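Multiple structures follow.
In the two complexes that follow, chain A is the common piece, with chain B as its partner first and chain C second.
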Partner chain A sequence: MFDAKILDDKTVQLFGRFDAAQVEKARVVFDQVKGPVEVDFTGLEYISSAGLGILLMTQRRLKEGGRGGLRLTNMNKHIRDVFQYAGFDQVFEIV
Partner chain B sequence: MNRNEKKTGMRLTINSSTDRLREVRDFVSDRARDAGFRDEVVHTIALCCDEACTNVIKHAYANAPDREIDIRIIPRRDEMEIVITHDGESFDPDTIKSPDMKEYLSHYRKGGLGLHLIRSLMDKVFYKQGNGSRYEVHLVKFHSSP
Partner chain C sequence: MTEKKFKKDFSSLESIDAFIRSFAADHSLDDEMVFTLNFVIEEIFTNMVKYQPGSGKDMSVGLSREDDLLRIRLVDYGVEYFDPTSKPPVDVNKPLEERRPGGLGVHLVKMYVDDFRYEFTDDNSIITLTKKLKD
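And now, the complex of A and B:
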């Protein structure tokens, strides 16, 4: 199970497990992000490189358009570890 | 589970669909936990198996969902080995460079990240031809890993 919801113009909530099976579903949601948003990981249990790739592409699009970036919040320890292994903690604001 | 698929104590056979990745992670996690790995390491082993199976689906099978992937666990006293077997196109990840992560992140590159994670998190990674047209990806984690 995976879900991504835009709550308002400022927040995207993630739920479940974000692996390669979920890329298209996630892409549809993140393509709607037009400016700086908080991505709330409270409900997310797992992420693989496929999920990281979607976040990175969204960050790239926003940065290149001068429209801010993603602020990632409430990650569990395993997910935070994956960001560190990949070096993604250097690219995103993680709080 | 399809008729031809098998799930025994140390072996799981799935069709080549990313919808099956969760099952792979659960299977590998259970065996790693049984083998005595601590929770953090269990998670990294499961992640690497997810990434390896994803690569097989994407590169060896070109996203065809009806091919076969076999995952076999070989527990040993000092290590656990996971052998992922497919009969798709051969791709030797040894010929693929891991991305330069500094450049990758600063220019928001795409691709190669799964391989980078596998190489970073597993203690040994190697590839070899199995029986007939089958190819094997071997992932090894030592119990002594930090």
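And now, the complex of A and C:
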């Protein structure tokens, strides 16, 4: 079960499985992000390229608007590997 | 090979995860391999859903383990020829402004598996992936 919650203006929390079936649900949440935020992956078990696509398009929108970017935190090892394979460690701040 | 059919729709992904976890439990596969199987199967499955709507027949997903080799087989029935293995590689070093999400999934599948084959017979698209297990 996937969920994405905006806690405040500074944090988005992700939970569960971020797969292709969750793209529209996630898009509604990330479209509300207007400035630099932390995306907390603590509760996220899994992500596929569909999830990567949502994060990528959000990052582009923020950067192109000069509005900072996403700071991705607390990824599990498997998710971190996906980001590295995709070269996304070069376009996101991952801590 | 352990096989199961799934509705050709994104909503099947949770059921596919359950199928993978059941197979993993029966074949002593760890969490990393559960993640890898979910990832590569989702990428191929969703590609078939998006680009090969075809007949709308259920698709089959099969898994087998022979010693240190895992085989993954997806069959899409009653469709036209569509070979994802021939897609050009994605440049993962491009700057942000030149990045596009398209094509990334298949590119990543190639990084996770040791062999990625496409066959087309009797209007069926068949993808076979092979993954060597670590010691």
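Here is the rule we go by: the second predicted complex is superposed on the first by the 95 of 95 C-alpha atoms of A that agree within 3 Å, B and C clash if a C-alpha of one lies under 4 Å from a C-alpha of the other, contacts with A are read in each partner's own complex, and residues count from 1 in each chain.
Here is the rule we use: contacts are C-beta pairs under 8 Å (C-beta built on N, C-alpha and C of every residue); 3 or more make two chains touch, one makes a residue touch a chain.
All values reported here derive from a predicted model rather than from experimental measurement.
**Q** Label the relationship between chain B and chain C on chain A in the superposed model as either fit or clash.
**A** clash
**Q** Looking at A:Gly53, would you say it contacts chain B, chain C, both, or neither? Reply first, second, both or neither.
**A** A:Gly53: touches chain B and chain C.
**Q** For A:His78, is the partner it touches chain B (first), chain C (second), both, or none of the two (neither)?
**A** Touch status of A:His78: both partners.
**Q** Between chain B (first) and chain C (second), which does A:Arg17 come into contact with in this model arrangement: first, second, both, or neither?
**A** Both: A:Arg17 reaches chain B and chain C.
**Q** Check whether A:Gly87 is in contact with chain B, with chain C, with both or with neither, and answer first, second, both or neither.
**A** Both: A:Gly87 reaches chain B and chain C.
**Q** If we overlay the two complexes on their shared chain A, which of chain B and chain C does A:Glu38 touch? Say first, second, both or neither.
**A** neither
**Q** Can A:Asp3 be said to touch chain B (first), chain C (second), both, or neither?
**A** Touch partners of A:Asp3: none, neither chain B nor chain C.
**Q** Looking at chain A, which of its residues have contacts with both chain B and chain C?
**A** The overlap between the chain B and chain C interfaces on chain A comprises residues 17, 19-21, 46, 48-50, 52-53, 56-57, 59-60, 63, 78, 82, 85-87, 90-91.
**Q** Quick check on the complex: what are the chain A residues that touch chain C?
**A** 17, 19-21, 46, 48-50, 52-53, 56-57, 59-60, 63-64, 77-78, 82, 85-87, 90-91
**Q** Within their complex, state which residues of chain A touch chain B.
**A** 17, 19-21, 46, 48-50, 52-53, 56-57, 59-60, 63, 78, 81-82, 85-88, 90-91
**Q** Within the complex, which stretch of chain B touches chain A?
**A** 17-19, 21-22, 25, 40, 43-44, 47, 50-51, 54, 57-58, 101-102, 105, 108, 110, 113-114, 116-117, 120-121
**Q** What residues of chain C sit close enough to touch chain A in their complex?
**A** Spelled out, the residues of chain C in touch with chain A are 10-11, 13-14, 17, 31-32, 35-36, 38-39, 42-43, 46, 49, 92-97, 99, 101, 104-105, 108, 111-112.
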